[in-house]
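Dropping the structures in below, format is structure tokens.
Here chain A shows up in two complexes: once beside chain B, once beside chain C.
And now, the complex of A and B:
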């Protein structure tokens, strides 16, 4: 694999007043142009891990490096220090799409997308608008450029949010359960866009509950639970077919539904954790 | 029945009174909004010391009647050497009372902006100033407008108290007419009509503003 775009080394995360660490020294990397998918049960800290990489959460140990350059270094006792002090320029290099579709409500679709490149990257507005329209076309929303966010469906908003992050040409994209708040019929339209991005060579770090999607998009997979990495795999097909650890086997089984299982367990535990 | 001849004869008094009411209200409310903005900014930015001062001001302002505040300004301060005109006292009084109400409405608006909006702005690389100006404040305005409009109407009504320090507003006119001619019904009728003429348009504009800026709630 090529050189790593993102390197997380021995990351330690602790919440103020909590007894246990959220992460006890997690290490992994995302190679350039590849997609790393993080899976794990609810409460295992998948989203927190993404938020640490994003700089939204302070870390108490270890380092986060982008392209070999350390951008965040853990400091014990900084639990309440808020978001990491990263420069505007650095922040544009990491794009993020959140679970709840939250565009800026006071701006149009086009306004949402063009705002940051014009204000932060100081690019000329006509160029930015042209690119924004191209992106909207790519996600099938060119005709909604002048709409206000509240006029769009959840799936449409999420696609706009992806465009808004993409237009800054981030080196790394973070996707935090981007379909978790969507109605089932809208999941596909969003995930298709993400799959296309992966084909185009966008480096991504994805947290998801959609196992089929994870299987389709991942170049590399890690499963986390109780503060650490349970299993890492460079071969998603093999991972989903035959997970090595017992914990991963158990976890993946929670996504299976069968009549046999229902009668056996009386329906208990049939939800997706 | 009302004495309509009396009503039409003394209606011009109420126009003069309304001018005074509006004069006091416009400047008083402008002062209240300014005070509110400064206090809300201090509280939201959690500036130490200043923040405690703002809290004390808000509690004193909200928990004392405007009449008492006006008496203090008009009759009390001269004893300490500050002599202000009745108009000045009325404007400062309204500003002092309204500032705390405005501050609370604006602070509620600022605090209602979801954290994730700031996080999105952070990820997009916006500076804290850009985030405030282009993300937080537009949404805070949207949420604050109903409260601010309600406060404007409340303060105009509250301005009726200034008649107590001999300012000839609409309330003063009504009391004057009742005192001189015992025409209670006619005077109160004119008083109510004048307040409605002043306040109804403001209420309608307020509703329009709420609709125009309601994007943060959708």
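And now, the complex of A and C:
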């Protein structure tokens, strides 16, 4: 595999007043052009881990490095210090799509997408608009460029949010359960876009509850639970077919369903009555 | 019906309109000055600093608990005594209405700012916007939309409350009405109703469009 784009080393996260750490020294890396998927039960801290990488949560130990350069270094006791002090320029290198409703409601779809590249990256507006329209076409929303977010469906909003992050050409994309708030029939239209990004070589760190999707997109999987990594795998197929740890086996089994009603054979006795 | 003729007496309508102008001027200046005061007050109210919090709390509660008339008397009679600060009646009115309007508007600004979900700040951060860009381009436009209908209603209340200025001797529309009624006590003893009727219509003409505007804004921005 190629050199790591993101390196998380010995990350320690603690909430003020909490008894135990959310993470007790987690380490992993995301190679350039690859997709790392984080799975784990609710409350295991998947989203928190993503938010730490994003700089939205202060970390109390360890380091986060992008392309070998440390961008965040943990400091004990900084639980309440808020978002990490990262430069605007650095922040444009990491794109993020949230669970829901993060578009700016007072701007059009196009306005949402073009705002940051014009204001932060100082790129010429006509170029940015042209690229925004290309992105919208790619996700099938070119005809909604002038719509306001509240006029769109949840799935459309998420696709716009992906465009808004992509237009800054981030080196790393973070996806925080991007379909968790969607109606089931909209999940596919969003995840198809994410799959296409992976095919195009976008480096991504993804948190998801959709196991089929995780299996389809991951180059690398980590499962976390109770503050640490339970299992890491570079072979998602093997992981989903035969997880090695018992905890991972139990977790994956919770996504399976088996038929509970009696079959005809079982019910034979009842029929005679 | 005879008594309606009081309105046709020379000078009556022009004087009432002049009084209305004073009312409008007083309200307009008070509202205009309340806006910056309210914005700063509202911003201060969102700060976490405990000392500022307590001060703002006391300010807001004091203004809300005190009747506006009491505030006017304190400003007009009290301040001159205490600090030799000689406000004329109009100055005292503007001072009190701005103190009051600023506190009420500040509370509206605080509520609007605090109602913006954290994710709006977070996605702005991820996109690389500076704190100032986030405030001016993302947070403030949304806050203003949530705030404007209620602020227009506050402006309507300020217009109506300017009538208290009469009691400090400011010659606004109510005072003018009283003077007219007094002057015609003998020739039109039943003219009172007509004069106050016109004053009512005048307040209505000023306040009704404001409250329609508030309703329109509320509807238009309901789902954005």
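Going forward, the second predicted complex is superposed on the first by the 259 of 273 C-alpha atoms of A that agree within 3 Å, B and C clash if a C-alpha of one lies under 4 Å from a C-alpha of the other, contacts with A are read in each partner's own complex, and residues count from 1 in each chain.
Rule of thumb we're sticking to: a residue touches a chain if its C-beta (ideal position, glycine included) is under 8 Å from a C-beta of that chain, and two chains touch if they have at least 3 such contacts.
Only a predicted model underlies this, so the values are computations on that prediction, with no experimental measurement involved.
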- prompt: With chain A superposed, do chain B and chain C clash or fit?
  reply: clash
- prompt: Which of the two partners, first being chain B and second being chain C, lies in contact with A:105: first, second, both, or neither?
  reply: both
Task: State whether A:91 touches chain B only (first), chain C only (second), both chains, or neither.
output: both
Query: If you stack the two complexes on chain A, which partner ends up touching A:54: first (chain B), second (chain C), both, or neither?
result: both
Message: Contacts for A:148 in the overlay, against chain B (first) and chain C (second): which applies, first, second, both or neither?
response: both
Chain C-contacting residues of chain A that also contact chain B: 54-56, 83, 88-89, 91-92, 94-96, 98, 102, 104-106, 115-116, 119-121, 148, 150, 164-165, 168
- request: Over in the complex, which chain A residues touch chain B? Could you list them?
  value: 54-56, 83, 88-89, 91-92, 94-96, 98, 100, 102, 104-106, 115-116, 119-121, 148-150, 164-165, 168
- prompt: Any idea which chain B residues touch chain A in the complex?
  reply: 114, 116-117, 119-120, 122-127, 130, 134-135, 138-139, 142, 215-216, 218
- prompt: Where on chain C does chain A make contact in their complex?
  reply: 117, 119-120, 122-123, 125-130, 133, 137-138, 141-142, 145, 223-224
Message: Can you tell me which positions in chain A touch chain C when the two form their complex?
response: 54-56, 83, 88-89, 91-92, 94-96, 98, 101-106, 115-116, 119-121, 148, 150, 161, 164-165, 168
